[in-house]
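The structures considered in this document are given below.
One chain, subunit A, links the two complexes that follow: it is found with subunit B in the first and with subunit C in the second.
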Partner chain A sequence: MNKLLLVIERDVRLFFQYKFLIIMRVIWFISQIALFGLIASRMIKIPEVDYFKYYVAGLSVMTLYSAAIFIGFDIYEDAEHGVFEYLLSLPVSRRQLVLGRSIGGGLRAFIYVGPLIAVSLYVIGSVEPVSFLISLLALFLFAFGVSGMSITFAVLIKSSDRFDILMGVLDALIVRLSTAMYPLAVVQASNPTYGTIASFNPVTFASDLFRWGANVDAPVLNNPLNPLLGIIAFFAFFTFVGVIIYDRRIEGGGWQ
Partner chain B sequence: MIKNIVHVLEHDFRNFFRYRWWLVGLISMNLADLFIMAVVYNNMLAPKISKEITSYFNFFAPGLAVTGLFASAFMIGREINMERRREVHHYMLSIPMTRMELAIGRVLSGGLRGMVYMSPLLLTCFLFLGFPSVPQFFIILGVLFLLAVGISGLSIAIAVSTSSLEIFITARGLVYYTLFFCSSVFYPLSLIQELGQEGKFPVILVKFAETNPLSSASDMVRSFLLPGYPAFSYLSIASVVIFSLFFTLLASLAYIKVLER
Partner chain C sequence: MENLTKKFGNQFAVDHLNLDVQEGEILGLLGPNGAGKTTAILMLATVIRPTEGTAYVGKYDVRKQPDKVRHLIGIAFQEPKMLWVSTPWDVVNWHAKVCGLTTSERKKRVKEVLDAVQMWDARHKTVHALSGGMRKRVEMAKVLVQRPKIAIVDEPTAQIDIVGRHKIWKMLREMRDEGSTIILATNELHEADVLSDRVCIMHRGKLLVCDTPKKLKDSIVGGDIIDIQFEKAPSPKAVEELKSFKEIVNLLQTKPQNLRVYLNHVEDVVPKIMNMFSKKEIAITSMHMSEPSLDDVFAHYTGLTIEEAQKNEA
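After this line comes the complex of A and B, so read on.
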């Protein structure tokens, strides 16, 4: 357990060295709220939905997603600078190393997004304490799942450039084909295929649960258990698959 | 002089196409904005806006071409910032050409790379909105080229005045978001003006949005392609011309100064 904590601590420390990335993301977040969110909410009209609050809630999930993805880039950095060999020489089991990196990736994203979520809640106004805690737990699992996904792709793709492109395209598709920016009914009405993809998208699950927890006027979430189960399945799949693949790849210089 | 500038262009274009997969990825992200986000936004427009712009997809398509132009023309700044940090400019100074040729070549190549990157996005826009007449087409190309050169100049000016990549990236972020979100790229200018009149948006940002060259370029393309959109006037592109001239000059002088430091 102690060793696992050390791996997590290393990844959290590593993230906060990327000061420029943090500043950039904060600028992006604030300008999205103060400029895009404010102006776009004048352009959009959805019955019984305050689009500004709806968008701000979705924005927190989008930011969490992009921060959790970043762990994959650290894996390339480690491989490029020979840190991988050092990590393997440590008295930490492979499982602890892999699990620690996955948890560390999610945790640091959550620490980073925490103050931004606080800003969102201030803008949104009201919170339902119990449901908010459940939604927070769901966001935790979502962040771990995304970082597990990022690790899985990073160890499967050996070129950092290809990884960068894949993550960019995936980001564009996974965020846009979700309810982060618009309600599911509108996505479905626009294009049924988009609607089907959005219904099974983990970003949709996280956004819907966060809005439910933050008490945002949004299309009623009939059963919060469904998105919660969806996030648990996403988290379990990528943490499990990520651990197995990473475990296999790091033996015998498989990352090179 | 022209021959030397062509050499600089060739050098920068080779660098640009080294990242071709990255460019393909970037274009697909832009297209995702158009074919997913804009399509869904079409169904959420407020009735008043719906009357004004009819379709968000059609409204956004020209804005997207300008967005792509901006992002790719700005890339030259990152390369120049890296050259500065790695002191590659010593090598640049050893090349048998004048400082001015080198500086103009860099600004021009940044702009031309922006035009090359933007062309599939502009073509997509024409395919869905209809093709402009031949004179309109040349006006569009001319204005967008001026804009691209201005953006390239702006990015070079930032790149040479920032000593670290972190500061450059932060400054780039600030410029990106202010120029994009305070413009008519994503939404009609009337919305920003309305917020300004209600006192919910700073007047200075409203004025900025009105004179923003990205607004002028997007609205110019719309005026040619969207029926019912306010007609094009040469006066409306004055901001693009001034922006381009100012930053081309500023970037060239700043680049020469940094080279000789």
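After this line comes the complex of A and C, so read on.
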């Protein structure tokens, strides 16, 4: 357990060493709200939806997603600097290592997005405490799941360029085919297949739950249990499948 | 190590290595780059898996019980393994934590070790801002702070100045004296000679010979060396006559006025040599006796000096 915490600690500390990246991301986040959110909400009118608040909540989830993905790039950074070999030689089991990295990747994304969520809540205005706590827990699991997914792809692909491209494509597909930026009804109306995919998308689950918790008046959620279960399944799959794949790929030098 | 083998494609990086490392010794693995030292070490550290054979660390098999092996081993890699955004203090302190040092012990030892490797003042600089030698010292500091049961150090003093080199040697000896077993991979002849209790010479993945440095040097036929400098170049006839001495194994004319003589029983032969040249009125300006080095041992087994072998591998 102690070793697991140390692996988590390492990843969290390392992330916050990238000060330039963090500052730029914060500027990006604020600009998205202050520019795109404000301007686009004047243009987009959806019945029963305050698009500005809707967008701000979705933006928080998108930012959480991209921060959690970052751990995969760290894996390549580790490999490039030979740190991977060092980590593999430590008295830490492979499971502790991958679980620690997965949790560390999620946790640091969550810590990073925390102040941004506070900004979102300030913009949104009102919060339902119990449902908000549930939605925070869901975002927490979502971040771990994304981080596990990123690690899984990173060790499977073994090429930082390909990984970079795949993450770009995934980002485009997962985020655009979700309710992060537009309600499900609009997605479904544009194309039923898109709607079906968006209904089973973890970004949709996270966005809908966050809006539910942040009390954004959007017709998004009748039953929060379904997206919550969806996020738990996503988290469990990529955390535990990730552990197995990581274990198999790295033990004995298969990562080289 | 029992038939420890690693193949990359069709190439043997380590070729059926059989070797026993004694508890509490410093074992030097000497060989040029590409000899298989680092690959053997990475297999011992469970970072890569053997293609064939295995190794036992303590009583644990590196193939079957890698987790147990990792608890006994500490490794300082040839190339420092750290992210450029980290600081020496972060690197060594976190390493000490992972290796299970208690808080008070860790604080004390991290300071001691960073002081000893002259990195205390630079402890909060990022790795990016450190020189190659400083990074190497931080890499060494990890093992020194850990004091593992079995310490593996790969070219521990590469890029380190002579003062730092002696400090690291001293600390490795102290670790050995406190009960650690040390496996030292190096291509530095002097380092292997002065630091190792036993030296194993590797070339092209194979283990050629393994013994104490003294025994290795003594084992070479013609194990004494004399460098003779003459006032004028000796005649070919005189050189031929010298060659006919039964104690002389080999003779090289390194310069027209210089001869390098490989021989046995140096104490008996020197008076005979001086006598012979005196009779021929060939003046000797200097005569220098030396022992063979590990390079001579390497050359004896491979036909190449380490430098030549390194060039060939490159």
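The definition used in the following text is that the second predicted complex is superposed on the first by the 255 of 256 C-alpha atoms of A that agree within 3 Å, B and C clash if a C-alpha of one lies under 4 Å from a C-alpha of the other, contacts with A are read in each partner's own complex, and residues count from 1 in each chain.
Everything that follows uses one rule, which is that a residue touches a chain if its C-beta (ideal position, glycine included) is under 8 Å from a C-beta of that chain, and two chains touch if they have at least 3 such contacts.
For clarity, every value in this text was computed on a predicted model and none was experimentally measured.
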Where does A:Y182 make contact in the superposed view: on subunit B (first), on subunit C (second), on both, or on neither? first
Now for A:I244: first (subunit B), second (subunit C), both, or neither, which partner does it touch? neither
Could you tell me if A:S31 is touching subunit B, subunit C, both of them or neither one (first, second, both, neither)? first
Go through the superposed model and pick first if A:L133 touches only subunit B, second if only subunit C, both, or neither. neither
Just checking: does A:L14 make contact with subunit B only, subunit C only, both, or neither of them? Give me first, second, both or neither. second
Could you look at A:P91 and tell me whether it touches subunit B, subunit C, both or neither (first, second, both, neither)? second
Dominant toucher of subunit A (residue count), subunit B or subunit C: B
Quick check on the superposed pair: does A:A118 touch subunit B, subunit C, both, or neither? Answer first, second, both or neither. neither
Answer with first, second, both or neither: which of subunit B and subunit C does A:A40 touch in the superposed model? first
Subunit B and subunit C footprints on subunit A, overlapping residues: none
Across the complex, what residues on subunit A touch subunit B? 19-20, 23-24, 27-28, 31-32, 35-36, 38-40, 42-46, 51, 161-162, 164-166, 168-169, 171-173, 176-177, 181-182, 186-187, 189-191, 194
In the complex, the residues of subunit A that touch subunit C are 3, 6, 9-10, 13-14, 17-18, 77-78, 81-83, 85-86, 88-93, 251-253, 256
Contact residues on subunit B for subunit A in the complex? 19, 21-22, 24-26, 28-29, 32-33, 36-37, 39-47, 49, 165-167, 169-170, 173-174, 177-178, 181-182, 186-188, 191-192, 194-195, 200-201
Under the definition above, what is the set of subunit C residues touching subunit A in their complex? 42, 45-49, 66-67, 70-71, 73, 75, 77, 79-86, 90, 94-95, 97-100, 126
